[in-house]
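Please go over the structures that come below.
Both complexes below contain chain A, partnered by chain B and then by chain C.
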Partner chain A sequence: MVQQQSQPNVRRDMDGNPVPELPDLSWMDKTLGWGIKARVEPFGGGMTVDALNVGVYAEVPDHIAFRNRLPRGAYPAPGAGSIGGYYLQDKHEQWADCAGLLYEEGISRRWSTATDVPWETAHDLPGDVELAICQVATELSQHASVETEVVSGWLQNLSPGYHEVKLFLSTATYDAARMFEGYRKRGMLNGGGMMLESPGGMNRTIMETYAGWSQTVLGMWFVRNSLDTTILRYLAVYGPSEADRVLAARLIPDRMRAAAYAADHIRFAISKKPELAIGFQVWLNGVEFSQARDLRDPVLTEALAVIFGGSVAGMDEGMKVVRKMLQDFVKMYLSRCKQANLDRSKSLTSGFQFLLSGMAAPPRPQA
Partner chain B sequence: MTTEAKSEKYITTFKQLMEEGRKNGYRLDWLLPRETFGAQINSNAEAGGLLLQDIDRGPFAQIPDWSDNMTGRPRGALVRPNAARVGNYSVRTKADIWLKNASQLYEEAVQRQWSSAVDVPWETMEELPDDIERAECQLATFLTEVEFVAGDVPGKWISETTPDYYEPRMFLISQIMDEARHMDVFRKRAFANGGGLMSQTTNVALSGGAIDSARDFTEMSARLHISGEGLVLSIFRMGERMSYNDAEKAIYRLAASDESRHVAFGVMHLQYLAQTDPQRKEEIHSYLDEIELGLVAGTGGQNPAQRGTPSNAALAILLGGGSDAASIAEGEQIALAVRQRQVKEYVQRVKVAGLGERFENGRANATLAAYVSA
Partner chain C sequence: MADIEFPSVEWFQTLADITKEDPGYRKFGRLNAVIVFKCGDKHISANFDVLNIHEIREVTENARRDADFVIDMEPDVWRGMLDDIKKNGHASLDWTLNTLDLRFDEPIHRNELQDGFKADMFFRYNPSLQVFFDNASKVPTKFVAPVA
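Moving on to the complex of A and B:
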């Protein structure tokens, strides 16, 4: 409050407020642990976020009682209260032991779609192959766009007390953004642009899981990520130009970090709350149904068949590769489930069993 | 450099291809080129490579003033009539979020990524006097706390914004990444030299909520980018004055580089809004009224130089070189200069944004003038 009455012996600031001779320094003793020295990694890793978990600061509680931005281990201010949000306050709702490590890895693997992809190698492809790449690029770009929306939307719900998770998810959002713009650039490179939007069933399934972060992780990073990563792996081999192969290969480690967090998180959640596994299994039934339905739409698989077969004329050969790719997708998904102690091998829904059989093919209306 | 799109004649070859595929039982109804097909972009590595700001053309470059995209499709993509309306986007009016250079800011952010693990020379840190170390750690605790705000709140708005305005979304994503790194680097500073975390700041915990609570993007951006980040940027720019080793200098220099992009985003967005939707100027001025009250009376909670707070006392100790009365008095004088600089930089930002009339017509908070002229 501005006070203008004159008291000649009292120092005043520019607003007229009295200024004490010395500021309150009682904060200098307010620490839960003093004398902590984090060590730089000995073999070039630098000062990592996990290295900060020393002494009292290494305690990661099962529940964060505050719904504000108290840094974990800081001296709580009395009366700080709640600022809203941050309602996921339990460790099992978000934690993964590897989150800090994945964050540092995400930071260390810096790359740019602008300069690290040899775009000049992707000109003058056959028209049908170019359009097929543009269609795949449209769908991958949209998948990534949805992912950025979903992960960034969750950030303000996840407690800052588990800052390693928040840090990792920041890199995950950034990675997804890079996939979005990388494939938009690829689509635009030769004017093909963005073609037909993706079917949207899985987009809906992923976006309509705001009730639980773990459920979001299952849909987005167990199922959708397995599909996208498998497509990228095949594009890294069958991509029609060096640029296509490099772009896909560059994106794979980004995708795999998200997958590693996902498996570790679900495994941790189940280890703390074994009963969660039942609900996760039921949830995955619905996700599998949604993904299988999207894959019954032929656009993505036809485009991939043109790429893998080298032309429209080579689509039959290309479709054999697509079937193998879809088998690999389900195998990757099952592997992730197994890593997370969420075995799906005996409960796989019929649509995914069909994909796993290697018999899957898009509908052929005239066949 | 780009080439021209292919002619209509070329398109007939796709129809023939489609027919060929259909004979084999494929649908191929997606295999029709868009109007820009064949217009190549030749990326130039010396000019920064294939940049986001250079790629869109034709329908893909048409940014609608109002977006009806409810399915989350990439801008310019063809619509599937059966796609679910999953995009519950509250930001669907261009003026509400747009700025002219979001793509450039995003690409710059990508190029200027850095690592707090290896790009800060932590090995240069030597033991500091106890009061200096505690002041460093208090300031680091404050900064790690406020950086959560600047990461989490933009996250909410990304998910609220239609992908038709993907450029500002991309920039905000880069900001989330930057803020994660800031939160991380100041936490690391607290532990790097034999200290630890200190006290949470009560008014940050409470007042920080004002940014969270904003129900309009521009209101949020004014509070976050113009006010909160602008104030912190001024502090970072003074980092040389309060650093005791090369590691701290590097932290402030790198963080300031990021922070200046975030402030630029806010300024350029306000400028766009002021130019394209002048009806909202009075509303924006009312947000600036609140911001200026925060600047002079410390109601914002985002300013480490705010009087009466642990972070301000820590600044005085760091700037003055100790916690004895004489050092603190000297530090407070320098801190006053910091606050002057904060105010001057704020005034300049508002002028660049096209809202400088408030400094001519008497609307601006009167105490600001005292700071500027002191």
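Moving on to the complex of A and C:
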């Protein structure tokens, strides 16, 4: 008879009967906010991102210590440490209080250029007007294409601890993509297709901003966005077909969400680090110069003058509208700067001063 | 339905009641803005609260500061816009909010405290507001002449 070996590690109950081993459930203690409940908004708002910011989850730190994917409010894994990337770890480098709201708006107010634009109304336009709108469509779609790449490129550098910002920027990428495909569709609608690309100075300025996300925001959403939004506002009125007017009008709120984030972010950054304002002002000098140089190329303004004037023959009248539009562009830009506590009214560079004075394009610098 | 005086709380309340049930309004998604509509010396405030439109009331001039933005048009412009909407079932190109905002020397919208973030809501929510006013085609309207 083989004597059964004793099993000293087996746990037994009071009667000596073996009890089964339980798994290690110590992870169940690893929570910082058990019991904190988010509430649904009234009036159809549903469960929003901002509504999640209760209790410990409402604490948005000024600095995220780790460069890793730790969700805000989660219990950190002891060995996670830093895994690289996510090098923007400070709140002032990315935060805007409105980011959660803008994300919800972006989702709630989503739309489709495929089905929400009455494309059938944009056929049989005069040839010169069709050419002009295709030229504008080419440049606007290129602007938007740059924006999708720039925003999505920066996303990986922003700390996940500020998830409202990353969420909003994901919708901003989509919004820019919608503008890209909307104007590409417009160009392709009647066979005009893609025409001359934009001069590219601003594209490079925006894409090659290595100073930081905030500086990228200044170039992309203070300056370029103000120009694009103003063009869209005028196309919503002077567009040669209902499709052109609807496409432009529907894109304006998308542009304005990005603008709202931008101004709120820069305002927040300056409120936390007042010394940043000087650098931002200097940066905007360069961006304004780049944008003014692009506008010296007459292609975009001439194409807009043909659209606004109704024909090549009506370009002179159309150019008057273009001048007003460019004035409005600079006014919108100045308003955005003021909104961010970054007043530019007394420091506009000469090219922008010309635009504000009603000149169609800034003059070339003297040799 | 008997004619309803414009501008009045009753007129805006009727418009809000129609709009809240309008799928064409709801499809444009959520908005959050307190807007004061100024016509002559009348100020009507409305809270566009996600998909609800409520707290419609007449307010004093001072209450404009509490609004996210004010839409301020001369009485004849209000009448022109609403006549055009009645005639066409919606605003024609010359009478959309966006066109009117560009048409005059001063925009029709502003934030009284020069808060650009709030003033820009006019653009962010423009499609929703256009549907709101386009629904005025369904409101039998009698114009009264407010003091300009």
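Quick notes
One rule holds for everything that comes next: the second predicted complex is superposed on the first by the 338 of 367 C-alpha atoms of A that agree within 3 Å, B and C clash if a C-alpha of one lies under 4 Å from a C-alpha of the other, contacts with A are read in each partner's own complex, and residues count from 1 in each chain.
Note that in this section contacts are C-beta pairs under 8 Å (C-beta built on N, C-alpha and C of every residue); 3 or more make two chains touch, one makes a residue touch a chain.
This one's a predicted model, so the numbers in the text were calculated from it and none came from an experiment.
On the shared subunit chain A, the superposed partners chain B and chain C are arranged side by side without overlap.
Of the two partner chains placed around the shared chain by superposition, chain B is the only one that A:Met315 touches, whereas chain C remains out of contact. In the superposition on chain A, no contact is made by A:Trp95 with either chain B or chain C.
Using the contact criterion defined above for the overlaid structures, shared-chain residue A:Gly45 touches chain B and also reaches chain C.
In the superposed model, A:Tyr234 makes contact with chain C only, not with chain B.
When the shared chain is aligned, chain C comes close enough to touch A:Arg109, but chain B does not. Within the superposed three-chain model, A:Tyr162 lies out of touch with both chain B and chain C [touch as defined at top].
Shared-chain residue A:Glu120: touches chain B; no touch with chain C.
Of the two partner chains placed around the shared chain by superposition, neither chain B nor chain C is touched by A:Phe354. In the superposed pair of complexes, A:Tyr261 makes contact with neither chain B nor chain C. Taking every C-alpha of chain B against every C-alpha of chain C after the fit on chain A, the minimum distance is 11 Å. The interface of chain A with chain B overlaps its interface with chain C at residues 41, 44-45, 104, 107-108, 110. By the touch criterion stated above, chain A contacts chain C in their complex at residues 41-45, 98, 101, 104-105, 107-110, 229, 233-234, 236-237, 245, 249-250, 252-253, 256-257, 259-260, 263-264, 328, 335-336, 338-339. Of all residues in chain A, those touching chain B in their complex are 13-15, 17, 19, 21-25, 27-28, 30-38, 40-41, 44-49, 52, 54, 57, 68-71, 73-81, 83-85, 103-104, 107-108, 110, 112-115, 117, 119-120, 123, 127-128, 130-132, 135, 138, 141-142, 145-146, 148-156, 160, 163, 166-167, 170-171, 173-174, 177-178, 180-181, 184-185, 188-201, 203-204, 207-208, 298-299, 302-303, 305-306, 312-313, 315-316, 362-367.
Interface residues of chain C facing chain A in the complex, by the touch rule stated above, are 28-32, 49-52, 93, 96, 98-99, 102, 114-117, 119-120, 123-127.
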